[in-house]
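Order of writing sets the labels: A, B, C and D. Residues in every chain begin at 1.
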Amino acid sequence: MTVQDGLTIGVVVGLAVALVALTLAERRWPTTLRRVAAFEALDAAIERAVEAGERVHLSLGTGSLIGSDCAPALAGATALAKIAEATAMSDRPVVASAGDGALAVLAQDALRGAYARTGAKDHYRATTGRMLGPTPFSYAAALPVILSSEKVSVHLLTGSFGAEGALAAEMGERQKAYVLAGSDQVQTQALFFTTAEHTLVGEEVFVTGAYLQGSGMQRASLRLQDGLRLALAAAIVIGTLLRTLGVGL
Amino acid sequence: MAEIRCPMCSTLNQADAASCKLCGARLKPTGRLGTPSEEPGPEMRLPATGELPPWLARLRKDVTGRGQVPAEVPPEETPEPPSEESPDWLGGLRPADSEEEGPPEGEVPDWLAEAAPAAPATPAEPAEQGEGPVPDWLVRIRAKAQADTPAEEPADTPSAPAPTVEPTPPPTAAQPPASPPELAAEPTLGLPDWLLAARPDEAPRKAEAETPGEPSWLKEAGLDSSPELPHVQALIFEGDAPRTPVSDADVGPISVEVPDWMTELKAPPAPPPEGRPNLAPATLPAWLEAMRPVDTFRSVVEIEPEDDQTVEAAGPLAGLRGVLLAEPVMAMPRTPTAGGGRLEVTERQFAQAELLHRLVEEEQREAKPRPQARPRPPLLRWLVSVVLFVAAAVPTFAGGPAFPLPRLQPRELDVLASIVDGAPAGQPILLVFDYEAGYAGELEAVASPLIDHLLGRGLPLATLSTRPTGPPLAERLVAQVAARHGAVRNQDFVHLGYLSGGPTAVQLFAAAPTQAVFRGYLGPGGSPWLQPMLLNVHSLSDFGLVVVLTTGTEIARTWTEQTQPWLGGRPLVMVLSAGAEPLVRPYYEALQPKVQGILSGLPAAVSYELRLGQPGPAESRWNAFGLGLTAVEVFLIAGLLYGAAAWLLRGSRR
Amino acid sequence: MRSGLHYLWTALAILFGVLVLSGYVLAVPSLQSIRSLLMQWAVVLSAAALLLGLVNMLSVHWNKVGAQEKGWPYSALLLLSLLGTFILGLVFGPDSAILTALFNDIQQPVEASLVALLAITLTVAGFRLVARRRNAASVVFAVSALIVLLGTGPWLIGGDGSWFLTMGELRAWWSQVWAAGAARGLLLGVALGATVTGLRVLLGSDRPYGD
Amino acid sequence: MTNEALLELVGTAVAALLTIMVLSYALGDNAFFRLAAYLFIGVAAGYAGAVAWHDVLQPRLVAPLLSAGPAIIQDSSQLTQVVAPILLVILLLSKVSPTMGRLGGLPVALMVGVGAGVVVGGAITGTLLPQTVAAMDSLNPAVVAPQTGETGIERLVNVLIVLLGTLSTLSYFRLTGKRDQPDAARYGTRPLRTPVGVISIPWPILPFLGEMFIALTFGVMFAGALAAVILVLIERLQFLAGAANVILGGLLPAP
């Protein structure tokens, strides 16, 4: 086992333990989420959409479910379940789409579970979790139709997107919808920065669920992320000093 | 199953628990009509099923004109009414004058008059004495209902849950039913009016009766929260109610939602229905309260599961199940007082009044309606489109203007060219085509000098892709370049085809290439590894050089990191879309580089073509590229200037 | 209502995830082979899920055509082209001439045109950003983009001069030094978020699957 | 004209037509765009489905099953390589039916589990550790960068800029807030006395710098992406020009 292997194991186990501990601590010291304008606007936009009989559309992106690009989609599926619970009574419940078959199945499962939890099982329709197209751009090409025919007024993009994400976000803007877009690809975030009304920068794409009345662990994980970031910064500073002094790393 | 889920908070509870351990919500349906002794439960909860009953959904759809999820609309249904009719009574709203009273007797639909002979259709008075406490009429209703109906009802008929009676004064001084006993005696009382309306022969007559006799006193409802609020006349609404064939699945209990017609009611001048306009999407419906803390989460009416619903035993609806019962709605927290006027009030009227009341109450919480954005022609987009099209087309069609070709070669081009020159002869080169078909226009131009160089050296090429569309892209580009060198497919270059599994499979391939790819693309059949040029390839390091062509930083990173252990010191070269370069470059510039060569952007490609002395697609796009980028730069500068000017102007105005 | 199955799936997801993860960090051959096997299953499943996704697409558009919903002719076209391509592909194989032609004459041109549309979209969005969102960040954004664009493309005037060369060097410095720091910071942040999200799944807290 | 040449001509004409139809979206959503888009989606989906069958399901599952026949269940390696995935696929496909669909949770759980494992492993070993280590660059002016050849103060300045960018970007993100002030901004302003007078500067300065660095980086990436897509737009127009040539040349008899 090399040093890096040991380090990796240590990091994984340490993170898991820290996450559990923080979750347990959540009862006594609840996490305060920093107010993020985009998420506050999201709440309001969902309410408005439900009242106006318009739809919330959530996209799980054009990534895969089994690759390293699945993380934002996993986070998106959690957010999807929350939104489905909130919009279950609407006559136009949330619709989810993806650019990958497995992600569409995941979206359907998330929706079915959410409706079962709210007791609105009958509201579930397999067609509210859709695969729009199997390739990134075929996915984007299918969006304008779903956005207009479903009267989408809240357009959420939380998944892995490449450049097609910019088209997807802009289509929402054309529809005059509330657009909140996040991707795990930094390059796409730069495009969202210009094309979307609200952009989730950096790791913000992973915290949508926590901001939508997230579970204890979701909220606790924000604290973990903050702590880790601090630790990383400290490690970088210390490491730089050590390197400068000639200590091999 | 040993556990049941609380409908309020989703906590799991023991199946036999009566109330939720977390939020205290009741988990069992409350009492039935047949057990009158049961006190109304203190709990008012969200419907257990929590769903918008289909009939209400349809009602809403009809009124609002908004479609429902298609699958939910039964095909046989031909809902008609509403958009034309609902407006009628809305449109007829005008300020009531205090003398004005309820609908004249003649306007009470015949069927109702017939059905309830004892109930005089007395007009309601806008009475002020609304604060009476417990409604004893309700007690009488119950007694009467029990006396009247049980004989006909199956003993086990489930009924509406025992409703809540709260002694709180009703927010409005409205006068509900003046003669409760008679009401209760009326067998149709518990039925939603629209159900009654479904009686074929009576419906038309009723409709006729309604329209002319617009209850003008109603108008006030739309204007303020005055005592008249409860006078919403359900009867009129019946015209709008969907006369659907009654099936048990369709008969839902009263929903806790505010239907859209209520929202419309709010708009002071009742809006014309066709317009369906600018409805303030504002009032917070109770079900939306679900998103709020638990206490506000309770609805007024408890709804039982469908199978618990009452089967109507008497009257024209005998045998139908799930019809609405009077009680739950009647018992909503309000206190009727003995007013001067007496009004025949059905539970629907009650429900509507209640909704209206809530609506008014919640008005404070209203969000402003989104201003309807007037569609403006997207002039900016048109302008940009035209300019960009022209900028890209002029050099293509007219040949000019000529931009100077790059004179200096980027440093990394030297490095790359020396890698290609140093690749061992005879060993195949692995080309990974990992870009979307859409980017072919860019990457083909950028990569073609490199492939030109490789084929020029006579190196055999093997292509691979982790995207289904990769192999045809590889064939497009390689065959095009190969034609110039007289190279032949399956002899000088081979397509390994599609590596399924995306990024996940990269590591599988790196570890054991021959086991990860089964069939080639456009090969002679059989395994591509049987091709002579690949016979000696058993591992990744048997390739002389690995070139990855991609637009995505993620893919580039995957190939960089996953193949590292298996490359055996063979160079890894990235051909990148211009957008991906900044994120990949750190791998190239690191103290221990993981990427040995990099080729990105049109200028580098043109330099490469110049170096090879072989003008190609990159050079042919150079002028258009220059003009296009210039146009974009102009737009960005214009945007900056516009922003600065607007900022200065606003500053000076202040 | 949640069933016992749900807990079983959760437990299995955690098990599979931990096996795959330990295959990453532990150089134990048996773990590695289990991981590789699981990943192969996942690859097969992902391909099967694609077919499921096609069924989903078919049903959505079939319903639209059946109900004669607005825009149903488009759906009919999609059904035809999907089924046609799929059947041709099954019969003749993806590397047959007919599928290659469909790819080269329909899929590739349309996709490339969509990318070309991005040029317009991005230019418009860039203009709007700096014109409307008037804050320090958008000015920095625009100036930075301008530096790179000016340093990338050729100039009509002065394209051979020293200004152009300086701009080219400024661009290189700008994108390779100034932008590198924040890019690394963003990458680290994304990796952090992804790790924590994955851990939540592995700890059974986020269960986006099954009911 | 040969059949092949005619087919190619038709193909080029179709491609050119579709290109124009899609580009018309620049002016606004329209029927032509939708026609082209739907045709494209159908072809892309059908193509992907065919590839999934021919390159994955058929060679990995169907072919071994057919070649081995019923004896396959006696071969332990085939059991894990072929039979188990077939069962999983059947379970997954059962999701089409609402009643059977519950067992479909197993394959989804497997994919989610694998995905989560890959994410955690990949993020830690692929980005977190290497990028953190890479961020620790020596500030020693004597070190030489291998590819760029920078030395001395030049390199030191560059390393410091990168370091500042990384640290300030990290400090920009903060997800949790203090309980009493959840809406505190990332940074505020504070007056600073300078020789020329009092000016207000953003404070704390690091998150502000982080925001600027992020905007700067986004600007660089945006420009890169623009340069890429402009090139694609040009290629499309050149293709149209070429197609017009070919079609006209094909239709008009050669002089």
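By definition in this document, contacts are C-beta pairs under 8 Å (C-beta built on N, C-alpha and C of every residue); 3 or more make two chains touch, one makes a residue touch a chain.
Note that the structure is predicted; figures quoted are calculated from it, not measured.
Peer 1: Using the contact definition given at the top, which chains are in touch with both chain A and chain B?
Peer 2: Correct list: C, D.
Peer 1: Identify the chains in contact with chain B as well as chain C, in label order.
Peer 2: A, D
Peer 1: Give me the two chains with the most inter-chain contact pairs.
Peer 2: C-D
Peer 1: Centroid of chain C to centroid of chain D, CA atoms only: how many Å?
Peer 2: 4
Peer 1: Can you give the whole-Å distance between the Cα centres of chain B and chain D?
Peer 2: That gives a centre separation of 24 Å.
Peer 1: Once you find the CA centre of chain A and the CA centre of chain C, what distance in Å lies between them?
Peer 2: The computed centroid separation for chain A versus chain C comes out at 14 Å.
Peer 1: Go ahead and note the Å separation of the Cα centroids belonging to chain A and chain D.
Peer 2: Centre separation, chain A to chain D: 15 Å.
Peer 1: What residues in chain D touch two or more of the other chains?
Peer 2: Touching at least two other chains: 23, 26, 34, 37-38, 40-41, 44-45, 47-49, 51-52, 54-56, 60, 92, 95, 104-105, 108, 111-112, 114-116, 118-128, 132, 134-135, 137, 148, 163, 166-167, 169-170, 172-173, 214-215, 217-222, 224-230, 232-233, 235-236.
Peer 1: Two-or-more-chain contact residues of chain A, please, as numbers and ranges.
Peer 2: Touching at least two other chains: 8, 12, 64-68, 71, 74, 102, 105-106, 109, 117, 127, 132-135, 137-138, 141, 145, 163-164, 166, 184, 186-187, 189, 191, 193-194, 201-204, 207, 225, 229, 232.
Peer 1: Residue numbers in chain B touching 2 or more other chains?
Peer 2: Within chain B, residues 5, 71, 381, 385, 388, 436-441, 468-469, 497-498, 500-502, 504, 551, 558, 578-583, 586, 589, 601, 625, 628-629, 632 contact more than one other chain.
Peer 1: Which of line, ring, star, complete or other matches the graph of chains that touch?
Peer 2: Topology of the interface graph: complete, with all chain pairs in contact.
Peer 1: Quick one: in the complex, what on chain C touches chain A?
Peer 2: My answer: residues 1-2, 21, 24-27, 39, 42-43, 45-46, 48-54, 56-57, 59-60, 63, 69-71, 74, 110-111, 114-115, 117-118, 121-122, 125-126, 128-129, 141, 183, 185-190, 192-203, 205-211.
Peer 1: Show me the residue ranges of chain D that touch chain C in the complex, using the header's touch definition.
Peer 2: Residues 7, 11-12, 14-16, 18-19, 22-23, 25-26, 34-57, 60-61, 80-81, 84-85, 88-89, 92-93, 95-96, 102-128, 131-132, 134-135, 148, 158, 161-170, 172-173, 210-227, 229-230, 232-233, 235-236, 239.
Peer 1: So in the complex, which bits of chain B are touching chain A?
Peer 2: Residues in contact with chain A: 5, 7, 10, 47-52, 57, 60-61, 64, 66, 68-69, 71, 257, 260, 263, 279, 281-285, 287-288, 290-291, 367, 370, 373, 436-438, 467-469, 501-504, 551-554, 558, 579-580, 583.
Peer 1: Which chain D residues qualify as touching chain B in the complex?
Peer 2: Contact set of chain D toward chain B: 23, 26-28, 44, 47-48, 51-52, 54-56, 59-60, 114, 118, 125-127, 130, 134, 137, 143, 145-148, 217, 220-221, 224-238, 241.
Peer 1: Which of the residues in chain A end up touching chain C in this complex?
Peer 2: So the residues of chain A in touch with chain C come to 1, 5, 8-9, 12, 15-16, 19-20, 23, 64-66, 68, 71-72, 74-75, 77-78, 80-81, 98, 100-102, 104-106, 109-110, 112-113, 116-117, 126-127, 129-135, 137-138, 140-141, 145, 149, 163-164, 166-167, 170, 184, 186, 189, 191, 193-195, 201-207, 209, 215, 217-218, 221, 224-225, 228-229, 232.
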